[in-house]
Amino acid sequence: MRKNGRKADEIRPIVIHQGYLKYAEGSVLIEAGNNRIVCSVSIEDRVPPFLKGSGQGWITAEYAMIPRATTTRNIRDSVKGRIGGRSHEIQRLIGRVLRAVVDLSSLGERTFMVDCDVIQADGGTRTLAITGSFVALVEALWGCVDRGILSRGIVRDYLGAVSVGVVEGRELLDLDFEEDSNAEVDMNVVMTGSGKLVEVQGTAERSPFDREALNRLLDLAEKGIGEIIDLEKRLFERGLP
Amino acid sequence: MRKNGRKADEIRPIVIHQGYLKYAEGSVLIEAGNNRIVCSVSIEDRVPPFLKGSGQGWITAEYAMIPRATTTRNIRDSVKGRIGGRSHEIQRLIGRVLRAVVDLSSLGERTFMVDCDVIQADGGTRTLAITGSFVALVEALWGCVDRGILSRGIVRDYLGAVSVGVVEGRELLDLDFEEDSNAEVDMNVVMTGSGKLVEVQGTAERSPFDREALNRLLDLAEKGIGEIIDLEKRLFERGLP
Amino acid sequence: MRKNGRKADEIRPIVIHQGYLKYAEGSVLIEAGNNRIVCSVSIEDRVPPFLKGSGQGWITAEYAMIPRATTTRNIRDSVKGRIGGRSHEIQRLIGRVLRAVVDLSSLGERTFMVDCDVIQADGGTRTLAITGSFVALVEALWGCVDRGILSRGIVRDYLGAVSVGVVEGRELLDLDFEEDSNAEVDMNVVMTGSGKLVEVQGTAERSPFDREALNRLLDLAEKGIGEIIDLEKRLFERGLP
Amino acid sequence: MRKNGRKADEIRPIVIHQGYLKYAEGSVLIEAGNNRIVCSVSIEDRVPPFLKGSGQGWITAEYAMIPRATTTRNIRDSVKGRIGGRSHEIQRLIGRVLRAVVDLSSLGERTFMVDCDVIQADGGTRTLAITGSFVALVEALWGCVDRGILSRGIVRDYLGAVSVGVVEGRELLDLDFEEDSNAEVDMNVVMTGSGKLVEVQGTAERSPFDREALNRLLDLAEKGIGEIIDLEKRLFERGLP
Amino acid sequence: MRKNGRKADEIRPIVIHQGYLKYAEGSVLIEAGNNRIVCSVSIEDRVPPFLKGSGQGWITAEYAMIPRATTTRNIRDSVKGRIGGRSHEIQRLIGRVLRAVVDLSSLGERTFMVDCDVIQADGGTRTLAITGSFVALVEALWGCVDRGILSRGIVRDYLGAVSVGVVEGRELLDLDFEEDSNAEVDMNVVMTGSGKLVEVQGTAERSPFDREALNRLLDLAEKGIGEIIDLEKRLFERGLP
Amino acid sequence: MRKNGRKADEIRPIVIHQGYLKYAEGSVLIEAGNNRIVCSVSIEDRVPPFLKGSGQGWITAEYAMIPRATTTRNIRDSVKGRIGGRSHEIQRLIGRVLRAVVDLSSLGERTFMVDCDVIQADGGTRTLAITGSFVALVEALWGCVDRGILSRGIVRDYLGAVSVGVVEGRELLDLDFEEDSNAEVDMNVVMTGSGKLVEVQGTAERSPFDREALNRLLDLAEKGIGEIIDLEKRLFERGLP
């Protein structure tokens, strides 16, 4: 039995507060276990240099933690004067997977800037941030559709993400901080509503794993992501923009 | 009449969620109007170089906003690679006023690191952050007393802060974002429970002001801070550590 | 009696060398006690982004010390790769108070860049820098008027600044370094020629102060600033541009 | 047919120049297609703070490109003043996978610092850098064993890496720059000599992929890595240190 | 006798691999002793601000070492977040001497960006980098002439560079790392094909030197540079562009 | 005839204000033409890592300009977040030449930190800064001798520096800003009291020069430096410490 009586193939309940920030075009506070992440979407009328004149839009993300999101305090990136490697890696992932389900040519020359700020961290913040960002992005895009700025047909599919891993020999879904710290294998999986893979990042933290283990972990992830996408579908009664 | 039917000498109701962060030694989510600030206190077993060997402790603060705390998105300090001037100014203020009511020699060689992260901003974040930080600090200090690490007699007095200003010729207490943007005079006041001044920062944003106006604004601030300190006293039934 | 036989309500004599720098549009070397500050004004044909197309000008300031301006050597900001918090705070103050007495709409889309470089520091550099910057700015503006670039009616009033404080229980005008280091209360006051307040920044370094003390300190500041503005008037026989 | 007559399941021939740098404890120039990477290992008598006193060693990596390694010139990270996100991501990967096959407790409190400098890039530099780094690390470790500093039993298994992907619907092994630029799915796979997975990073650049595609791509990777590990075995006649 | 039987007035044999990088407009790998430097030239359709609209071009250089180019590992400039003083000094030198033999007005508004990346260092990298950069630049310029972008008459003369010095009282040509570390006087000399001086940088590392020693060292340098320019002439059968 | 009736072989009169800064161990304001430079020496009880435990001291320098030292305003290095290449080059030169005439082993493990801050620039600031720094350093060292911290025998010889150059075909001593801007050849020379060379840096800004020109320029420099060292000798009646 896991902490709080969770089963090996059970995700932590996710709570999503939509419209959490008053000013952002889309925003949520997403919570699961002790994780608490604010995801916001800001729309800017510019695109990166390589897209200028292409008529196409862009989606990019930034990820940060407040200093005491974790058990010990982290020094702010602004004090260090640079973004840490872990943040860099996560924010590149978030931007990439969101772009994979959006028709960028339908956005016009606009950038959808996603900010994920972790208020409290408890394992799996990168996958929870993906789920939260997707919901905030859909909210922002529905806003554009409602105001007549964009036409429907923008988002091709739902998107959900979860972590899986091997801890003390057991294959577990949705690792919390303590489980994550002891994981032999750690995997982040991002999938669409139609069950296709968008990103698989599996890492042998301690011991290399075989193809069978990979497949069993993917089965677990598929189950968890299915539940997350069901939740998203309940939030968006009128479907995707 | 002001927005939401507020009177000139009326503060916005303040809501303080104590123990908001699971890991921090002290923490609050403090809300007033659309302001929403997380204040946390982390205790570290080190002091700045100029205090090494003095037996004395230190209190310092950092202040930041998440990018979409405001109507338009701000570029992160970590992306700019440096802390902005406004943040620098505010975090120096917060550290200074907290130190003014604490007996640093009673802390031992420890640093109480205060982090104020603004999730949403609506005018007066620096004064609200002072109030929130004071509550989080008291919580952290009571924790030290309860665990026998420190002895009582640490905090000399309550501490509260509020902004006042002149907007279209009217003297107002606790300016919200819109009022603040149009203020001719803008003043931040920090006072103790016994009604003494810890900090007065008055700025003629548009038109210089006379001594009488200064005094009327201080009267308003005194009223507002009195109410804030009453709230603090209700939170700490057993008084100050 | 204070050092050099100064009375409690006596400022240190101020010496202003106008036109100190050959190339700058306006410049002074201002000295008081052991303070020695070079203030220069450079006119640039651009404004910050938020003023582009407004037809309005801007005044901004930068403040720095050379490394051995103080008793111990300070590491250069360029070596640290960032501007320190204290410098940030001071340069924001200088820009703000200069803008308060200038009609920015009369400047055209130009930036008046004020540089304050402290060659030697002896308490009260930020207020002395304000006085020096005001004189250098007036010099630069008269130059613009004389060359027919701008028309008179630019500067609304004189501007002077001084520090006051409480040291070992005594209320003193114009604290020098030693007094400043021991001050219980430290206040910087900026006023116009007509005796109005532009900025009041009072800080309880050690012990909170009451409203009566605040008023007595403001009386002291008013006296000192009056003398400073008299000096400025003698420098500018033809008045303000 | 692919460029140079390569088949879909064929890797580019790899040439490894061992001992390429005179001063480094281990070093190679590794070439494949137009890729040309210098990998070096430097041994330092210190470990990161979290390992001090643990008796355990560490392996970490840095990855960079010279400015004209690519078709257009890149601005140096030193000029930008920060490491780019892509470099951050890759160097974290290299360090992580090397640590997965090494018994860190057998290293003593030493850091093996791996530097991968890409002189010319042609697709798949991160996987080629892993292979090159592994060879340089083994060289450095054999050196330690030969000088009696470390005892055998350090490296648990061989390590090889390759990229696979889907390009215009075809599943290909070891993508070159042009193929990589057009890939719908891009995957980096790191495996041990015994065929276990150390890292799988699959990304849907354009279109999400299903589990069957993932498995076919892993089959391709397994074939390529097998050949790479055969090459490594030929280089190290006396096996692993 | 010097290491490898070299005489006092003998340079180390230089090997130049032209066209070393596939993508750069001009590039060489230049080797001498254990020195190994990649020099590349990238052409960009922009000039520094001070040349905009002048119709004139520009040549500038950047110089860096990979971390393990030297006996002990150097921290990367990108990790330190700034370019080191030595690199700054060298890259300014390289750009300056190349500009001295090129008719900038014949380049059009283009920048020829020279990158010198030291793969391995063995004394005299700055002078070897000048020679290598000159060859890569000529290659890039011939390319422009051949494609009809520029007309001949661009490069006024050949350019070569060498170091000389006094080591244990002996005047030596082309110091290697060990000799350089023990030099009492260290001098870098850059000359044209017609024997004129472009740059002389002589430094008394330990003991000041007299005019006679200066002249003897210049004689040595003249001999070495003559040989280097002979080598360049053999590389460019059709002369200078 | 040159500006102000100067002859080709005439230096600008140099004025040295000794003890210019109250707090520094040694300091001067040095002026020549419109040049105005503050040089200070700060003694610190630490040495760079490579000298720890050697019993030997160190001398190092930093060089900067205030923003409006020049005809147009320069952006501060602290704002750019890095030291410019020119400053880097100059401060390395100043430190190096001072070390060449000082017996570092007689200093104990102390660093003599020289700061050169240019208040106004008019050509030749780097050589004037060397002369000023030497005087400030001697002042600081005499102070150490007088307080019994160091014993005499520290400074081996006097040190002076001057620039020479070719302007419109004429060989000139001590170029001012205007001459320097038009120089075809620019040379900085540093010599000892006994007429030996410490540093020669000659640059063909426009047209390469021959050995005869080099020798005539060195003759000019020798004359100028002789006069500078005469001035130094008059300042230090009791000779060198």
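Should a chain be cited, it is by its letter among A, B, C, D, E and F, assigned in written order, with residues numbered from 1 in that chain.
Note that in this section a residue touches a chain if its C-beta (ideal position, glycine included) is under 8 Å from a C-beta of that chain, and two chains touch if they have at least 3 such contacts.
Keep in mind that what you see is a predicted model, and the values were worked out from it rather than measured.
> In terms of CA centroid distance, which chain is the most far removed from subunit C?
D
> Where the centre means the average of the CA atoms, what chain is farthest from subunit A?
So the chain farthest away from subunit A turns out to be F.
> Let me have the rounded angstrom distance from the C-alpha centre of subunit C over to the C-alpha centre of subunit F, please.
Taking the average C-alpha coordinate of subunit C and of subunit F, the gap between them is 33 Å.
> Using CA atom averages as chain centres, what separation in Å is found between subunit C and subunit D?
59
> Using mean C-alpha positions as chain centres, tell me how far subunit D is from subunit F in Å, no decimals.
Spacing between the chain centres: roughly 50 Å.
> Taking each residue of subunit E in turn, which ones touch at least two of the other chains?
In subunit E, residues 81-83 touch at least two other chains, as defined above.
> What is the order of the chains around the ring when you begin with subunit C and head toward subunit F?
C, F, E, D, A, B
> Show me the residue ranges of subunit D that touch subunit A in the complex, using the header's touch definition.
Checking each residue of subunit D against subunit A gives 81-83, 85-86, 88-89, 91-92, 96, 100-101, 157, 187, 191-192, 194-211, 214-215, 218.
> Per the contact definition, I'd like the list of subunit F residues that touch subunit C in the complex.
Touch residues, subunit F against subunit C: 21-24, 27, 34, 38, 40, 42, 44, 62, 64, 66-73, 76-83, 113, 115, 117, 119-120.
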